[in-house]
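Going by the order they are written in, the chains are A, B and C; count residues from 1 in each one.
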Amino acid sequence: MDIATQAIEGGFADPVFNAQTVFRAVMDAMARPGTLQPLPAFARPPAPLSATAGAIALALCDNDTPLWLDPVLQAPAAVKSWLGFHTGAPLANTPADAHFALIATPAEMMALDGFSQGTQDYPDRSTTLILQVGDLVSGAPLLLEGPGIERTASIAPAQMPRHFVEQWKQNNQRFPRGVDIVLATPDGVTCLPRTTRIKTMEA
Amino acid sequence: MRGQEARDQVERKAAMATLAQSTGDDIVRLWNEAGLPSEAELLRGPETGLVTVRGRIGGGGAPFNVGEATVTRATVRLASGQVGHCYTLGRDKQKARLAAIADALWQDPALRPEVETRIIAPLQAALASARERRRAETAATKVDFFTMVRGED
Amino acid sequence: MYVAVKGGEAAIANAHSLLADRRRGDRSVPALRLDQIVEQLALGVDRVMSEGSLYDRELAALAIVQARGDMIEAIFLVRAYRTTLPRFGYTNAIDTGAMLVERRVSATYKDLPGGQLLGPTFDYTHRLLDPELATGGDIAEPLQRASEAEAMPRVSAILAREGLIEPDGDMPQDHVPGDITREPLEFPMTRDIRLQALSRGDEGFLLALGYSTQRGYARNHPFVGEVRIGEVELELDVPELPFPVPLGSVRVTECQMVNQFKGSAKAPPQFTRGYGLVFGQSERKAMAMALCDRALRATEFGEDVVAAAQDEEFVISHSDNVQATGFVEHLKLPHYVDFQAELDLVRRMRAEHDARENSGKAEEKREAAE
């Protein structure tokens, strides 16, 4: 299949309702950090962009949201043209200009503070990071607490960034600035908003 | 080959410009007369949105945003695999769909002459004559200055 | 005490159906069709497109009917509609030099390439009401004059050859044009953002400000270098095509105002410029916009800011008639609780005032008695 065909296929079959369903799932996941909100495979993006991450990009990105891709996603032309055709989002020149970042290999990603952190007046202008992870059980366990979590929640996402717990603590300290993270798994979506704290696990 | 590709792009863009400038009614009428296929798989749209129109400060300086305009777009694929696009001012979805099909048909070398002669050329002729009439009507309001000669010398 | 008040639902519903009835008016009079408005009230449609900041004739005509001809209400409707649409992108900047010109006049040069084309203007009409229009008689086709297509460079380009006029306005190399539909206004602002705000600004407000500069409040010696009206083509860069896609044409009015400038510490004596560009045929608005643009550049030229038209915060914050009407008209909505509090306050102040007066008088009496 040539790039031109890959670029235009695999968008939402029902743009309005699919986008609303994905938006609802991401919103619920943000409101209840650590819960998995299931999502059917609405989108069929070119590899290595995953179906879940692709659907989230289609729901959230448009012409006004510069997008940053990690090197693995930047490499194939098909991913860029697929996102371009379906969302119209321009590619950000630097991670600090991005409203959204798509990251296929979180384990190799750059530091969280390299992305836009927002400003004290407009903390909403920070980058929202969409990380593709294989599952929520095979990685290092993270105990979560904060708004939207009654007591604690626990997830163990695979392939998370290096020194993630330490980086997240620094992200918390930048509040109200700081990034938010959306974890895209094959089954659905889980979020770590900047208000969520990671409790260090007792050894 | 590169030269041919560049020429094709110029011609394709010109055909798209003609379709975008023409009215939906004119396109539908010519389409029916030509008997071209009007079925195609819709890959996107037809959907209406906005573009922000940009001007330049002082006419030729830095760009600035003037205001918005409605635009309707469609992307279609023919059974033969050709993909066609259309973006056009306004909210005429039927026009956007047909113009996208025309763009797809145009890319098929076997069908291009038919699309050119039956659709694009007549539209182009109508646009050119409308433009010419407009220019001639405006030209009739051109001021001819007469210099009055005073005194003798 | 705060008492929540509910009610009026039936009254509101009935008011809306009464509005629909009055909008339609006498049923024995044929209902207006949108194409009649587009064709015969074209300049009203243009004003709604320009200040509604949305180029779509049929929508503007619909808004005018729905608003019963109340232009600001129609503009409000168009602004509300545009928020429901996704944005596909920003067009490439239009080239007014390549315009299919329908009118073009210059007050600074008599003989300029392309000539003076009066077009469909109200100028030189006698402003006498024409009873024949009321009877809907036939109108003759306009005359045509065969002519070669002639290039019509902008007048600014002609003055530029002598080096006596400032160049077209530039911005730093990597400057992305600001967009007031995306970012909140911040002062001071760059000229590109000001022009966007002015282009959708209220015609009457900008006209009055422009007039004020002529009457001496920030006088800047303007000449109309050129006004041109006509159609320009739009193109949009899209990811799926290797060339900018043509969208069709829009009609715009452009005004190049040329202003004498005696020079300052920052710049030598030369002509400076104000620029106006608006949707549709609207010469008055484009000229007023150009006057305001020039006045608002006072600081740039080291001029003293002494008048309203030069005050960026004042002009830009108050030029939007949708915002203005919203804030003024909200005053008629129920303020029962606010007013109750004010009433209590005024009663208390009045009681204190009266008490002071009385004790003052008692004092005077006592002093007089002593």
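What we mean here is this: a contact is a pair of C-beta atoms (placed from the backbone, for glycine too) under 8 Å apart; a residue touches a chain by one contact, two chains touch by 3 or more.
Since the structure is predicted, the reported quantities are computational estimates derived from the model, not experimental observations.
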- [ ] Would you pick out the chains that touch subunit A and also touch subunit B?
- [x] C
- [ ] Give the chain pair, either B-C or A-C, that is connected by more C-beta contacts.
- [x] B-C
TODO: State which chain is most central when centres are taken as means of Cα atoms.
DONE: C
Task: Rounded Å distance between subunit A and subunit C, as computed from the means of their C-alpha atoms - done: 42
- [ ] Calculate how many whole Å lie between the centre of subunit B and the centre of subunit C, each centre taken as the average of the chain's C-alpha atoms.
- [x] 30
Task: In subunit B, residues with contacts to at least two other chains - done: 47, 75
Task: Touching two or more other chains - residues of subunit A - done: 8, 85
Task: subunit C residues counted as touching two or more neighbouring chains - done: 86-89, 238, 240
Open item on the list: Quick check on the complex: what are the subunit A residues that touch subunit B?
Closed with: 4-5, 8-9, 11, 15, 85-86
Task: Residue ranges of subunit B in contact with subunit A within the complex - done: 43-44, 47, 75, 77, 81, 83
- [ ] Within their complex, state which residues of subunit C touch subunit B.
- [x] 49-50, 53-56, 58-59, 82, 85-94, 96-97, 100-103, 110-111, 115-119, 142-147, 149, 154, 156-157, 167-171, 175, 177-181, 191-193, 195-196, 199-200, 233-234, 236, 238, 240-250, 252, 254, 256, 273, 275, 277-279
Task: subunit C residues within the subunit A interface of the complex - done: 86-89, 182, 238-240
TODO: Could you pull out which subunit B residues touch subunit C in their complex?
DONE: 9, 12-13, 16-17, 20-21, 47-71, 73, 75, 85, 87-91, 131, 133-143, 145
